[in-house]
Amino acid sequence: MTSMGTTTFEVAVNLIKLVLVFLMMVQLVPILVWLERRGSAFIQNRFGPNRVGPLGLLQLLADAVKFLTKEDFAPEKGNRLLFYAAPVFALVPAAVAYMAIPMSVPLKFNEYTFLIQGYEINVGIVFILGISSLAAYTILMAGWGSGSKFSLMGALRASAQIISYELALGLSIVGIILLYGTFNLSEMIHAQQGIFSFNAFGHNISASWLPNWGIFYQPVGMILFFAATFAESNRLPFDLAEGEAELVAGFHTEYGGFKMLMFFIGEYGHMMIASGLMATFFFGGYSIWNLTPQEVYQWCFNLIGNEFWAGAMNSLLHFLSYLVKFGIFLWIFFHVRWTLPRFRYDQLMDLGWKTMLPWALANTMITALIIFVTSYYVL
Amino acid sequence: MPETNIITTIGPEHYLVLSALLFSIGMAGVLLRRNLIVLLMSIELMLNAVNISFITFSHYSGKVEGQIMVFFVMTIAAAEAAVGLALAVSIFKRFKEVNIRFFEHLKG
Amino acid sequence: MTADVFLFWFLAFMTIVSGLGVVLMANPIYSALSLAMTMISVAAIFVTLQAYFLAGVQIIVYAGAVMVLFVMVLMLFDLKHELQAFTRGRATGAIKIATVGILSGLVVGAVTIGLTIGGKNQAEVASATKAAGIVDTTRGLSEALFLKNVFGFEALGVLLLVIAVGTVALSRSKGGTHARD
Amino acid sequence: MPLGGVIFITIFIATFGVILIYLARWTGGRAKKTSQAKMDIYECGIPAEEKKDTKISVKFYLTAILFILFDIEVIFMYPWAVNFRHFISTGAGPFVFGSMFIFLAVFIFGLWWEIKSKALEWD
Amino acid sequence: MNQQALIAILLLSPVVGFFLNGLRFRSKNYILAGTIATLAVVISFVCSVLLFLDLVGMPPEARRITANFFEWIAVDKFKVNAGFVVDQISSIMILIITGVGALIHLFSIGYMHHDKGVTKYFAYLNLFIFNMLILVLGDSLLTMFVGWEGVGLCSYLLIGFWFNDSAKAAAGMKAFITNRVGDAAFIIGMFILFMTFGTLNIHELNALAPTALEASWLGAVTLGTLMLFIGATGKSAQIPLYVWLPDAMAGPTPVSALIHAATMVTAGVYMIVRLNPLFISAPNTMMVVAIIGAATAVLAATIGLTQHDIKKVLAYSTVSQLGYMFLAVGVGAFGAGMFHLMTHAFFKALMFLGSGSVIHAMHEEQDIRKMGGLRKYLPITHATFFLGWLAIIGIPPFAGFFSKDEILWKAYSSSAGHILLWAAGVIGAALTAFYMTRLMALTFWGKSRVDKNVHPHESPISMTIPLIILGILSVIGGWVGIPHVISQYLGEVPNFWEHWLAPVIRILPLAPAEHGADHEALEWTLMSVSVGVAAISAISAYIMYTKKEGSADRVAKAFGPVYQLVNKKYLVDEAYFKGLINPLIRGSKNLWYYVDVNIIDKATYKVTDIVRGGGSFVKSLQTGNMQQYAMYIGVGVVVALSFVLMR
């Protein structure tokens, strides 16, 4: 297949890898659901699920069984085709976009180099933004396909919210693009490896005790980006689409059973993308504090002495580093959900258009100005 | 000079024919559909077809100007869709239907 | 048949089928969703032509924004079915179909004849492409956009502003029950 | 660009989803119509009624239109941003910087106008 | 800074001001509008000063800064650049324009603050400054003509600024149309010169000007320069086209000061000085210029004697002083003409602004019979006006003395001069002294005849500052050109003016007869005669209008019909109406009635009928059905494409 490798072996490995990443995403969802429920219970001084299995871990399996045994329901008034297609499409954009996020340093095996990610895309940011913007269809299809007023209202609200915040999202990363001068996520991570160091007015400024992460250059951009991703994944405090008081459950009011679960997977998938991108843009991706992969590899090699296994260990260590960052951001998602109240709809739109958008613009302009001044003039 | 197979060797003409077919489909939509919004969609289809041929020429001539053109076309297409839909909404507000024939009222 | 060739035929098939869907589906929502599919297929075709950035823009702008707007408006109107999807009038209908048919025939014929005459240069064209080597398309694109066509770029900015003002004004026009004020 | 991979995984996931739907239908069974109320849409227990002209605010589509227009302006900034350092290094920095700032001024004016004209108010 | 950039800034700064104010012309914020406009001109002034200093730093022969911005017109041989030249002459002009202009802008802030269209007013003023700069800096006659027309336009806009008053609007139109007559001649002049020399570039024209004098009246140079001079009479209000200037006083007073006293009306003089080699080679033209100038100087001065409107008096005074300048250039004393242009700009702008201050104080009262004794109420205005008065009547050592004396001396001594010209100048000077003293006396001195409801007050500081600065300039402005006869007693102060202009002015030789050793004594004699006559005239006016009231009326009665004739401006306007304008109107009416209605209209109606018939057929195709239209397009494309492909 195109650009998936040259030999059959490589192509096969790459395709299997894609499936594996997807399955990893799907499998993470129950774990995250469990984590969220336990975590929320912990925050609210409750027990949460603790009956089935140790720490309630088998609750996941019980849930799955329950979902599978629910009878398959579709409202008569709605459009059956769209009603059934919506949950399927909910899976696609989230997963396809997540594949583009690098999760560890590439693994070398004989003459092959395998990326620890679904696929590398040289206009990665544009790709992820574009694919995840397709999520609006899912919502609209579900809302309209249900044939219910509540669903339609919820869908319109959710999609209006998503597109409004997509603007702030898109603009908040212009600063990052300016900073790294690339759309490629791997190159971005590469630029963030090692110690804190940058050039200004023809001089190099560095600090060996700090990593070279994007957050130190783009703090405002980070805050804006993170806030916008909350809105993009329809999470609290932006889950207006399912404002229980007015709209029941928003666009998935009519859904139940496995179809509902698929929407869940989609939503968690968006959270994963958000967390992964946060790590990639602002926290050095998979890189380990202020060490470069070469240094880590050297350390592994000294420890093991076998090139392949040292490389594998290197990849594993970086993958763990990635998982830690990834997990922290996912946890922040949960934590915020059980901490902040929900916005009113007009407040939500005001925040998106009148606060975040101008701030993102200002961030972009100031970043451009600083980059221009510091690199155009040499002192 | 080896015999080039039309199926196994993809050249610019393939893309151009694709573009022409897509354009014709869009044009048929413009001529035959009655729903104003579908009409607008058909116009988008035609613009997309044009974009394909721009990109094709850009790629096979090694010049980037075609891509600039596509960029501009996309922008203008989006602007056109925005205005067209605003008009459609106005028509809908008035006649409760978005049939193209209500545009005849604009004849004056 | 290599993967690339297979990919082209697959994408061309998808494009044409979903494009036909736009025109032939009676339900405008299906038309809109087909069109979104067409847009995505066209983006993929852009990728096969190495216009990566534009493929992304195609998805963001067309599939992610314009088509969402279309779908939203259709849902706003709640137009499930049209009583009559196509125009009436046998004579004009025949002329219209004939026009479309002849046009596509002419273009396709012209392209195939024109390029098979020039077809022996195909290898040269390919090598010329390699030589011209759009190494970094995004860089070439920005150079052309911000250095050579900067006036068009600014003019588009103004155009977008005008459209923004105009649509707000249009949507404010009174009449009908859907108007809020 | 691994287009093949993208298409492959898209088709894979779609198939996966369809299979899951059918699996759930097989294990759970189709909903039996025991009463009309069961098959109705959920409207908080009140009998569902269908009106032709459901009032939906025009604001939604207005927001979408404004989103498209501003989104394109943002997209225009991407190729600029990604090559900004390159432009500076080739000496075209001031020109490109200035042209984008004019563009941004238009953008900001548009945003200001929309805010001022209350196009973005959701009472 | 780069000199070309300086020129660009100099020119563009008022344009920017124009747009900044013009785009928000409804605003009533006079402070903002005035600040923008004044700043724009101040920037130009700074540029002018810098350019002037650059020129000073160059060797005298090379004092010439050119800036070619782009090629404007290129048709075969005919090439005109958007080129601008700063040399000795134009540098002085831009200093005057921007310097005096800035002061007048400043003055306007106070003067116009109650006006509704104040922003528009400042926009026009800036536009005027821009056009005036184009006029003086343009390196070819055509570029100059652009500015020439531009200042005419601004003059029209500003005269008719209060266009709600139909009389004022009519005054604007009168100015515009009168100028058109002159402009037509100017264009013809350009044609002739281009046909003769193949270029319109002033520098090239001057270089190509024949050294041999052209004796014939019908020679190309004579005709061309005569035509240009007729253009100048329009712009600079000389006989026979002077009639518009007094009416132009309908505009706001600062406008009168800027456009109708200091800058625009001197454009004609400037143009002749610019083309001095060309004019010198046409002695007949020179003679006409001198005679017209002298005649205007006397004629306008006599009318000035009888006017009661403060601004009208000043307007006729301006016409008269312009006559002096033309007299100067007519006798070949180009330096003296420019010199008088400058000093006149100072003191006449001062007097106009002073009169503006008076009018402001009197609540729009302009009749000097209703003034008097204003010295008490307007001390600063009076003091500065007093300086202007001394300057204009030519009392040494005020500015006007040096320039006027220089002109009179040249009128007598130059080879193109004549004793009659000198006599006319002296009579003009005496009349000037008389009516200016009358103006002073009736306005500021004597008993107050002010209406009881009017309470005069001194003007705000933004109006008095320009007055003070211009007052100082009216005193010292003449010291740059102290003639040799005087300066030898002052420790040989060099005559900066002559040295400055020498490289660009062709000097006519003195008449051989006057080359004797005693020409110094002669100069002293002539000087004392003119000063004496002026002083006597001024004193008699002073006595007549302050000490012995009623004597003026008695004199007027004694001269009866003559006084009436002069008071009615020699009935020139009426004569123009009877002899020119009414016949023209009658002729055009006939043309309209017989030719237009009966022949042209009928023919065109026929055509429209045919077209309408065709249109109603085509209209049936316009069903409003968009898809049908799209189908037409499609069919058209198919036809065109098949034509291309099947060919």
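The chains carry the letters A, B, C, D and E, assigned in the order they are written, with residues numbered from 1 in each.
Going forward, a residue touches a chain if its C-beta (ideal position, glycine included) is under 8 Å from a C-beta of that chain, and two chains touch if they have at least 3 such contacts.
In this text, all values refer to a predicted model and were calculated from it rather than measured experimentally.
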item	value
Higher-contact pair (C-beta pairs counted), A-C versus C-E	A-C
Distance between the centres, which are taken as Cα means, of chain E and chain D, whole angstrom	65
Euclidean distance of C-alpha centroids - chain B vs chain D, Å	21
Shared interface positions of chain D, touching two or more other chains	1, 3-4, 53-54, 56, 58-61, 64-65, 67-72, 75-76, 78, 82-83, 86, 100, 107, 114
Multi-partner residues of chain C (at least 2 other chains)	3-4, 7, 48, 52-53, 57-58, 60-61, 64-66, 68-69, 72-73, 76, 87, 96, 99-100, 103, 107, 138, 141, 143, 145, 156, 160, 163, 167, 171, 177-179
Junction residues of chain E - those touching two or more other chains	627, 631, 634
Every chain pair in contact, whichever chains are involved	A-C, A-D, B-C, B-D, B-E, C-D, C-E
Complex contact set, residues of chain A against chain D	1-4, 14-15, 18-19, 22, 67-78, 84, 87-89, 91-92, 95-96, 99, 118-122, 125-126, 146-153, 156-157, 159-160, 163-164, 166-167, 170-171, 174, 177-178, 181-183, 248, 253-254, 257-259, 262, 345-346, 349-350, 353-354, 357-358, 361, 364-365, 368, 371-372, 375-376
Residue numbers on chain B that touch chain C, as the complex places them	1, 4, 7-18, 20-29, 31-35, 37-38, 40-42, 44-45, 48, 51-52, 55-56, 58-65, 67-68, 70-72, 74-79, 81-83, 85-90, 92-94, 96, 98, 100
Partner chain E, residues of chain C touching it in the complex	87, 92, 95-96, 99-100, 102-103, 106-107, 109-110
Chain D-facing residues of chain B, complex	74-75, 78-79, 81-82, 85-86, 89, 96
Chain E-touching residues of chain B, taken from the complex the two chains share	27, 30-32, 39, 100-101, 103-107
